[in-house]
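By written order: A, B and C. Residues from 1 in each chain.
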Amino acid sequence: MMKKISKKDMNRFIKSLLEDYTVYAPVNTDGIFSFKPIDNFQGIDPDYQNSKKPPKEIFFPQSETMFEYEKGKVTSAEKVSRKRILLGIRPCDAKANLLLDNVFAGEDYQDVYYINKRENTTIIGLGCRKPLSTCFCTSFGGGPFSKDGLDILLIDIGDKYIVDVVTDKGREILTNKFTEASEEELKLAEKIKREAEERIKSEVKIEGVKEKLDTMFESSFWDKLSERCLGCAVCTYLCPTCHCFDIDDEAKDSQGRRVRNWDSCMFPLFTLQASGHNPRPTGKERMRQRVMHKFNYFIENYKRAACAGCGRCILNCPVNIDIRKVLKEILTG
Amino acid sequence: MPEVERKIREEAKNLLVNKKVDFVIGFEEGTLPLRVSPVFIYKGDDTEKLIWNSFCENNLAVYLPEIGDKKVAVVAKGCDTRSIVALIVEGQIKREQIVVIGIPYQGMIDRRRIEKEVEGEILEVKEKNDEILIKGDVFEKVFKKEDYLYSSCKTCKHRNPVISDILIGEEIEERTQVDEYAEVNEYEKKSVDERWDYFNKEVNKCIRCYACRQACPMCYCEECFVDNSYPRWIGKGLDSSDLAVWHIIRAYHQAGRCVDCGSCERACPMEINLRFLTKKINKEVKNYFNFETGLDSATSPPLATFNVEDRQDFIDSGE
Amino acid sequence: MRNPYLPIPVKVKKTFIESEDRMIKTLDLLFLNKEDKENFEFMPGQFCEISVWGKGEAPFGIASSPLEKDSLKFTVNRAGIVTTALHYLKENDELGLRGPLGNSYPIELFKGKSVVIVGGGFAFTTLRALTKYLLAWRKDFKGITIIYGARTPGMLLYKEELKEWERREDLKVYITVDKGDKNWQGLVGFVPTVVEKKAPSPEDAYAVICGPPIMIKFTLPKLLALGFSPERIYTSLEMRMKCGIGKCGRCNIGRFYVCKDGPVFNYAQLEKLPGEY
């Protein structure tokens, strides 16, 4: 269903939601955007491209208390206190959430913390009018106006938004300020979509990568690739599909809490065993794990690569390791 | 620049072809404008990849503690060579293993400042003499390099390599009149509360990615204190006090060792002001011990040595 | 939706120091809630994540068989924060437990066949569970052979049980040590050598091998040389684990998570996986 709403009315609409929902929107702090709960809304900042940290943190926070305990008495912290709205997420990140669902909301064990947040969040995405040169969402089945993983997709056509209502969950929150979009307005939206899709120049061939990687475990390719890697966690923490975490107890005597924190396969301690043995002792094995996990193991388990083409790893790697180049070299090398 | 690049390639090729080194660490073209990427070159022919420009911002000395027993050539600007000296003094590398290709240079461009000055994505960069031309979709702007130097480069007094086996280009006149601690002095004027608020605001942006630690040549500990569990010094999450302690201790561990290259700050994805504490500590080390890191390989860093004549007046005798 | 991260309450029934260096201790645990005890069904090979309140959580193979209904047995090697805290526990101290986790030894496949159990050091824990189970259903299996080695006689686990098993007629037990002492009457020699010498028959047989990587490295070729095929040699892999349910990402070998798809694998499966363990 295609509706429209003026930006002014959109602001009022979001403000009205604040009464019953916690609304996460992109907030600009010193030039860096992050999804934070807002208490007012004056529109999405025109400078907004994408958040630095991926919105996966709305469902899978970087640091989350799982439960508190006093000796054997355990109090779980799994339920959210209020329903939530996630406003302004980009289609690449919304698609990435679907990839994370495979891991956390899978058949075998249910991660109650993640699922609880997912179920209680209505997701309003904002289509990308101006994809960056580092965006390659289309290579992974996405696009600047893809609706996968969204309840509502907003298309900015100037003074108003075209509102593509994707799911019932999205439909439920609409008010009568959302009216039918005209033929003209829809045509304009289509034009904007087409132009945005044409802007995406980065084309990453993913077909055949998994099969090539099947043969590459012992390759010296990983030595070369990992040479310049510093071994930090920027790529993994800023990636909307990375999901590794650590479980830690923060306690005094027998009272405390169990916390889950993001962790990274790029850190040496990640796989270090109590005996001192480490199956991934150097950067080479760790870099190999990262690439294999995303473009081979994940595909074997869930039929999809663990990448949404958002480009954050490319933009933020301190030594400019470019995953597009890596994938190309895997195929052609 | 083309001349410097040509010479770097020539020297690197010589070293490799004549088997003087096992590999050369330098920079190659990045995949994004304003970016370059560190590269390890093993064959003479591949030296064509080596470049040099005002975006060569990584401190390549960071790779040296890992070279084992290899012989390595490394492209280094002033601050990088001071890191190399510091690593030699701390026993992390042997002088004989390193061939320093030193490059006197005016400094690196602060690409984040440039990005903030334009509307939209930067698609092309061209350096010419003392200007850089930036092109985007709908804009074209010219910047004077001098106005957009990285903050530590702006006040740097050691732009010439302090050691080098091969010097590429002419030595530059070192600045004498600049106050490198001007920023620190400004902060010192603020009240304790103001400084604490500023510091807290900055470190609460931290995402514990450790890019700062990994980018720093002096952070070579096999197990960083944040990873110790016996004893557990700080938690691994985003607790405000943990973030504060992480950054305070990191700065303290840099005392007498930091060359103020700024790699930490440039690596940080959250753009935290990481030199805030380290610059202050550098100033204190200069004042108390008249020591600047990496200027000569004969002097031990002040926090690693003890002299009977050392000042003691700051120790409270408790009376 | 049950929260798989919440531990259930258990307490210590008794503790027993297994090794002469006092670094290996066995704990018998009891469920505090009857319901938890009734719902806890497991098979040999599975493990649990044990929480020490205030310290943390760590994975341990279940050393008792499901037929030993009294308590759950775990043998702990003292290595870090959690294991040290476990060593200091006394009777009635309370703990948390999550499990049973992982997969188990394929006992269904072993039915009607012979089983050769090879263990080294303190990796014998789940092998004890397996042995007890096989012995309880002895008629279902043909020959049972146990080859177990430790550094010294004092480092052997479950010494009393080993003596009991040695006395039985219906299984072959070969206990060996790297270095004997003045009282030691048994075999002296490394496990791979004993496997070669005693040459258990591969005919209609499965092998289960658990031990430190170095022992496995040298014993595996001996078993293969004797004629055991890779899909008939099972092992239990060690990995650093946290969540135990295949979500935190760290225990993977290729596409499999050792905590969820393992820890029991056979060598035909492992041959197809990356050599990262």
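The criterion applied here is as follows: contacts are C-beta pairs under 8 Å (C-beta built on N, C-alpha and C of every residue); 3 or more make two chains touch, one makes a residue touch a chain.
No experiment lies behind these values; they were computed from the predicted model shown.
J.: Report the chain whose mean Cα position is at the greatest distance from that of chain A.
T.: Measuring from the centre of chain A, the most distant chain centre belongs to C.
J.: What chain is most central when centres are computed from CA atoms?
T.: Chain A is the most central one.
J.: Check B-C against A-C and say which one is joined by more contacting C-beta pairs.
T.: Looking at contacts between chains, A-C has the larger number.
J.: Nearest whole angstrom, what separates the Cα centre of chain A from the Cα centre of chain B?
T.: 31
J.: Report, in whole Å, the distance between the mean C-alpha point of chain B and the mean C-alpha point of chain C.
T.: From the centre of chain B to the centre of chain C is 50 Å.
J.: For chain A versus chain C, what separation do you get between their C-alpha means, in angstrom?
T.: Taking the mean C-alpha position of each chain, the two centres sit 40 Å apart.
J.: Counting only residues that touch at least two other chains, what does the list for chain C look like?
T.: Residues 80 of chain C touch two or more partner chains.
J.: Hunt down the residues of chain A that sit against at least two other chains at once, touch-wise.
T.: Residues 246, 248.
J.: With touch defined as at the start, can you tell me which chain C residues reach chain A in the complex?
T.: 1-7, 9, 32, 51, 53-57, 77, 79-80, 83, 94, 96, 212-213, 238-240, 242-243, 245-252, 254-255, 260, 274-277
J.: Considering the complex alone, what residue numbers of chain B touch chain C?
T.: 229-230, 232
J.: Please output the residues of chain A touching chain B within their complex, sorted ascending.
T.: 29-32, 52-53, 62-63, 130, 132-134, 224, 227-228, 230-234, 237-238, 246, 248, 250, 259, 261-262, 264, 267, 269, 314-316, 318-322, 324-325
J.: For chain B, which residues are in contact with chain A within the complex?
T.: Residues 30-32, 35-40, 58, 62-63, 116, 120-121, 123, 205, 207-211, 213-215, 223, 227, 235-239, 263, 266-267, 269-271.
J.: Can you list the chain A residues touching chain C in their complex?
T.: 66-67, 69, 71-72, 74, 76, 78, 103-104, 108-112, 115, 217, 243-249, 251-256, 258, 263, 265, 270-275, 277, 279-280, 285, 289, 292-293, 296-297, 300-301
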